[in-house]
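My questions all concern the structure below.
Chain nomenclature is as follows: A, B, C and D, assigned in order of appearance, with residue numbering initiated at 1 for each chain independently.
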Amino acid sequence: MIKVGIVGGTGYTGVELLRLLAAHPEVEIQAITSRSEKGLPVADMYPNLRGHLDLAFSEPDMAVLKKCDVVFFATPNGIAMTMARELVDAGVKVIDLAADFRIKDIKEWSKWYGMEHACPELVEKAVYGLPEVNRAEIKKAQLIANPGCYPTAVQLGFLPLIENGLIDTDNLIADAKSGVSGAGRTAAVATLQAESSENFKAYAVAGHRHLPEIKQGLALANNSEVGLTFVPHLVPMIRGIHATCYATLKDKKKNTAAQLQALYEKQYADEVFVDVLPAGSFPETRSVKGANHCRMAIHVPQEGNTVVILSVIDNLVKGAAGQAVQNMNIMFALNEDAGLTAIALVP
Amino acid sequence: MIKVGIVGGTGYTGVELLRLLAAHPEVEIQAITSRSEKGLPVADMYPNLRGHLDLAFSEPDMAVLKKCDVVFFATPNGIAMTMARELVDAGVKVIDLAADFRIKDIKEWSKWYGMEHACPELVEKAVYGLPEVNRAEIKKAQLIANPGCYPTAVQLGFLPLIENGLIDTDNLIADAKSGVSGAGRTAAVATLQAESSENFKAYAVAGHRHLPEIKQGLALANNSEVGLTFVPHLVPMIRGIHATCYATLKDKKKNTAAQLQALYEKQYADEVFVDVLPAGSFPETRSVKGANHCRMAIHVPQEGNTVVILSVIDNLVKGAAGQAVQNMNIMFALNEDAGLTAIALVP
Amino acid sequence: MIKVGIVGGTGYTGVELLRLLAAHPEVEIQAITSRSEKGLPVADMYPNLRGHLDLAFSEPDMAVLKKCDVVFFATPNGIAMTMARELVDAGVKVIDLAADFRIKDIKEWSKWYGMEHACPELVEKAVYGLPEVNRAEIKKAQLIANPGCYPTAVQLGFLPLIENGLIDTDNLIADAKSGVSGAGRTAAVATLQAESSENFKAYAVAGHRHLPEIKQGLALANNSEVGLTFVPHLVPMIRGIHATCYATLKDKKKNTAAQLQALYEKQYADEVFVDVLPAGSFPETRSVKGANHCRMAIHVPQEGNTVVILSVIDNLVKGAAGQAVQNMNIMFALNEDAGLTAIALVP
Amino acid sequence: MIKVGIVGGTGYTGVELLRLLAAHPEVEIQAITSRSEKGLPVADMYPNLRGHLDLAFSEPDMAVLKKCDVVFFATPNGIAMTMARELVDAGVKVIDLAADFRIKDIKEWSKWYGMEHACPELVEKAVYGLPEVNRAEIKKAQLIANPGCYPTAVQLGFLPLIENGLIDTDNLIADAKSGVSGAGRTAAVATLQAESSENFKAYAVAGHRHLPEIKQGLALANNSEVGLTFVPHLVPMIRGIHATCYATLKDKKKNTAAQLQALYEKQYADEVFVDVLPAGSFPETRSVKGANHCRMAIHVPQEGNTVVILSVIDNLVKGAAGQAVQNMNIMFALNEDAGLTAIALVP
């Protein structure tokens, strides 16, 4: 059994980790920390866990965490970078669900996250935990930067087009939509039900923190910078991300819808968590609610030169906790879907 | 034109007052106060008011308020009682949408609201602003205690039965359900969309502050105490209250469903804002969304001895701001529905 | 492996059965029938099943069904009664999720369901599948009448009080609320999102088909008829039932809240799927979303003589498909929670 | 008073017309027709109208309609074209809220709407009722083709850029999102609350009927064809459209965000129903819920060459019934906002 510690378990990615790990056949949860909720049984905050997890929040304790095989950070940005060094040196594997190790360019990171980086040398060592791109490195990694939710949906959508050099990468557009759990379990007026339900709006058009992360990933595939306009929107539902990705085909005659469909199916044929839907489909966010899948569809409207990729994930699963567990499975040579076989909840 | 001041306009009852008063043909809004938002144009906080109201929040200023004909308090409990005296003495009419003047028994009030009353002598003078009961007193009143949302729906439902002595008043049950706007525009985890939507639960079963208010009103009609079990629930929608009121008929043979239907229709025949639906109906909260109506239906299931009254209001309108405007209309001898003729928004 | 057939799998109880059975460790699904969707891969209708279930809808075929160990009917009322005889005679166990075998009084059944019963002799043999009451009979049963959703929540709430003779059983009240999936996956104006969301209403106050079912179950526990007022309401959410059950205590001095709490905890101590929450709790429907639990709390407001039981289930799980699987587990001597260990999806 | 007839009043655009016209100070509703609901009081179908409209649905009767000053068609596509001729010849003004007269190219219309056009000669005479573009023609028109919901939001968003020749019009993208009332009040599985709530998806990517309508309008402004990729999505809310419009600036140095902001403000300065928000804003659909406004914001992310216009309307008001009333007001020389002054319902 893999001994697991979770730092910062009171938010939505934390409770989702607990939901997945409490049911994981190869895992034993050793500690779940929260300074503010120290002593509170986890199931008192999250009654869905009653009968499934008999553990209380505890103060973060390095001695305890060092005895774990792997420690997940489900903390706000800026925490993992202050604790990872010691754990890594102790031989503990670390998976950070926040953004501390996602951006290789330290200056760029500081600009977007508004703080100095406390541990730049580990950024270099960290492996970006998108298994469909980095599986080999993840296997050997000791420190994983678990991708953001939007970046997961958008990158999986664009990558086959970019890797195969089929599109103009100067003017990509990602029109992305997220459920309100993406805003976290923090008391805030903007995501009160009376404010965010029965409403739809864009936000952070001037620049969202996931923009540099997506551009970094796409640039790697492109072997050069990409131009990306990324507009996130808030959807009045709890879970789910839908990315509508637009690109201009270099040669629409050589790249028909049918050919692109075949390309995507081939690219993701061996991926247990990426599902390319039949031609003409429209992926629904509910089809992945609570599940670790990314489902996508490829469209070329009116056989023009604009290709449209529709890509959906559950922001808390493939966009956060599920992908973190997937990374753990790879790191420990388990079946990649261990603990991740649940079927999405429909209706 | 009636000169109106609003103290504390940033919450939902405040913005609802603004929506109603900005469109009221006989009203001129003089000031809308908020210490925290001083200087902010109201329409910047509530974009629905753009183009309708060209006013900024201002610091509360007695000099300004005293020049008003009427001042509404849309403040948290405990504020109006510290300012009403001075306004009343200056001849300004006051309508408090909070609970400061609702409970005649000062000790009882202190017990439920957890503070000393700053102005007990005005409690006696205050008129409980339920027009269907107190219209004559409201006409002459200088200080109105605007009823709570649950109390409005529940009292209008029970009153005809009690006033006519038809039910056992020792064991009344009011199973009430409210949309989340009832919890106010305050950052709180419990009413985040990710928490309260797709969920249903009871709360405050041990005792809700509206319990003594309802009991006071029903006791007045009953000429003696009543026994009431009041269980509020949170509904995953923005607006609306549905009260399901249960009572035991003293004599079911003398009080058939048809007779009770006739009784209710007669009782409310002249009330512009109470609508007794045809026999067999089920009032929907959306049928009053944004409107000042209370719609109700009378049922006697299986012709037994339990009568069931279904009563719906919009908690922010007939349950708060609309009723306050109705009271103002009565106090200033306007048409009772002035500014309150909007049709509920369906769908 | 238990060979399972499902008749009528296109509705919500059908797809929920599929979700649970596809992940059940001891089950092999042999056939899922639907006349109207014959030939359609199940995953084309329910994309959440893609990759989990490689089966198409087929025409009902007795030869195939007779080779199953157990057949579930997730059909409209009136279908199972025409097919059960032949299956039962062939030694196949049958679990009917519809109402055909729930009411022992055939005349009463015909009155509420508006048809003649096609197989009255099996009604007598059928076991009412509420494991917390009938576990011993379920073990030996060949035909299970799986309880309705409201009846499950209401009976589990009232039974300890009735079995122990603590309440007046002439005037029980069950104020029940259900999410819209209870209305099924049938095109209907009333449950369009534009109609039923942002709305709350009661329905079927004059008499709901679950009324005789609840009364039958409570009467058995009471050894005599009970009087029950049952008012169902429609909640703007997908899943969940919340029953607020009211009864008058015979002797409030002998039955304090603490004593009732202890009574309930004792009664359900060995039940894996009934969770009595700590005193003072408010069960949330989301705490059982997707899970087979019934969570409940006991309240005695203001230490009066009215006891209030709050009881929540997921209408599609403990209220339908999950309870059916629980019954199957009991019938085949599996662990009672086999295939039912998933944690509720929160948020 | 203007005598008004409404043909086909049972759908959402019909009831919305009723809500607006019942409160319109210059209008007298003469008839509201529905074959299927003949004789049913309108308020029995839409209880929000109780007390506001004392009229029953009647069979369509040309004699009655010909006595009206104006007849609105809130019918499915294909009805108005069979009745308009006779009304127009009788001197009655006609406003069609369906699509019969929107597309000037009859062949194109037939291709998208799948039927022969019954009255092509009137298509030519019909005026496309987008007041911000065609006010002068509307004033003199006898037949108005009221614009579709998506086309209203998208055209108002793009037009200032196109009219001023600032963007590449070969590769426009409109990523549009609509609430479920856009699908109409027709029993359908796809828009059941249990299906469409807690879900987000694209649809009709291959080609939506509003695509040729939008392209026709933009081409007129452009004096030549435009290339447009239009992807509609379904949002889990009742009302509202949010169009996110992307275009490439021809010269980003000459067209900074500030200059574009000024351009939009100038273009719409005299428009009572178009509100250009301050720079940096994000229009919310709820800010126009129930109101006839289009609110929009202009963004140039990262000062690149992609301009992003965010444009919101209420699909049932500015996207249908409200715009129809606005057109009527113009045709009859009333104040353009007569009957359209209601403030959006927030929260």
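Assorted remarks:
As a working rule, a contact is a pair of C-beta atoms (placed from the backbone, for glycine too) under 8 Å apart; a residue touches a chain by one contact, two chains touch by 3 or more.
It should be emphasised that the depicted structure is a prediction, and the values quoted were computed from it without experimental measurement.
When chain centres are set by their Cα atoms, the one at the greatest distance from subunit C is D.
Comparing the chain pairs B-D and A-D, the larger number of C-beta pairs in contact belongs to A-D. Subunit C and subunit D have Cα centroids separated by 46 Å.
One simple way to say how far apart two chains are is to compare their mean CA positions; for subunit A and subunit D this gives 38 Å. With centres set at the average Cα position, the gap from subunit B to subunit D is 37 Å. Residues of subunit C in contact with at least two other chains: 12, 179, 181, 185, 194-195, 197-198, 236, 238-239, 283-284, 286, 289, 347.
Listed in rising order, the residues of subunit B touching subunit A in the complex are 12, 179-181, 183, 185-189, 191-198, 236, 238. Across the interface of their complex, subunit C is touched by residues 171, 173, 175, 177, 179, 194-195, 197-203, 205-207, 227, 229-231, 233, 235-240, 242, 244, 246, 248, 280, 282-286, 289, 299, 301-302, 304-306, 308, 310, 312, 347 of subunit B. Subunit D contributes residues 12, 15, 19, 22-23, 46-52, 181, 185, 198, 238-239, 272, 275, 277, 283-284, 286-291, 293, 295, 316, 341-347 to its touches with subunit B in the complex.
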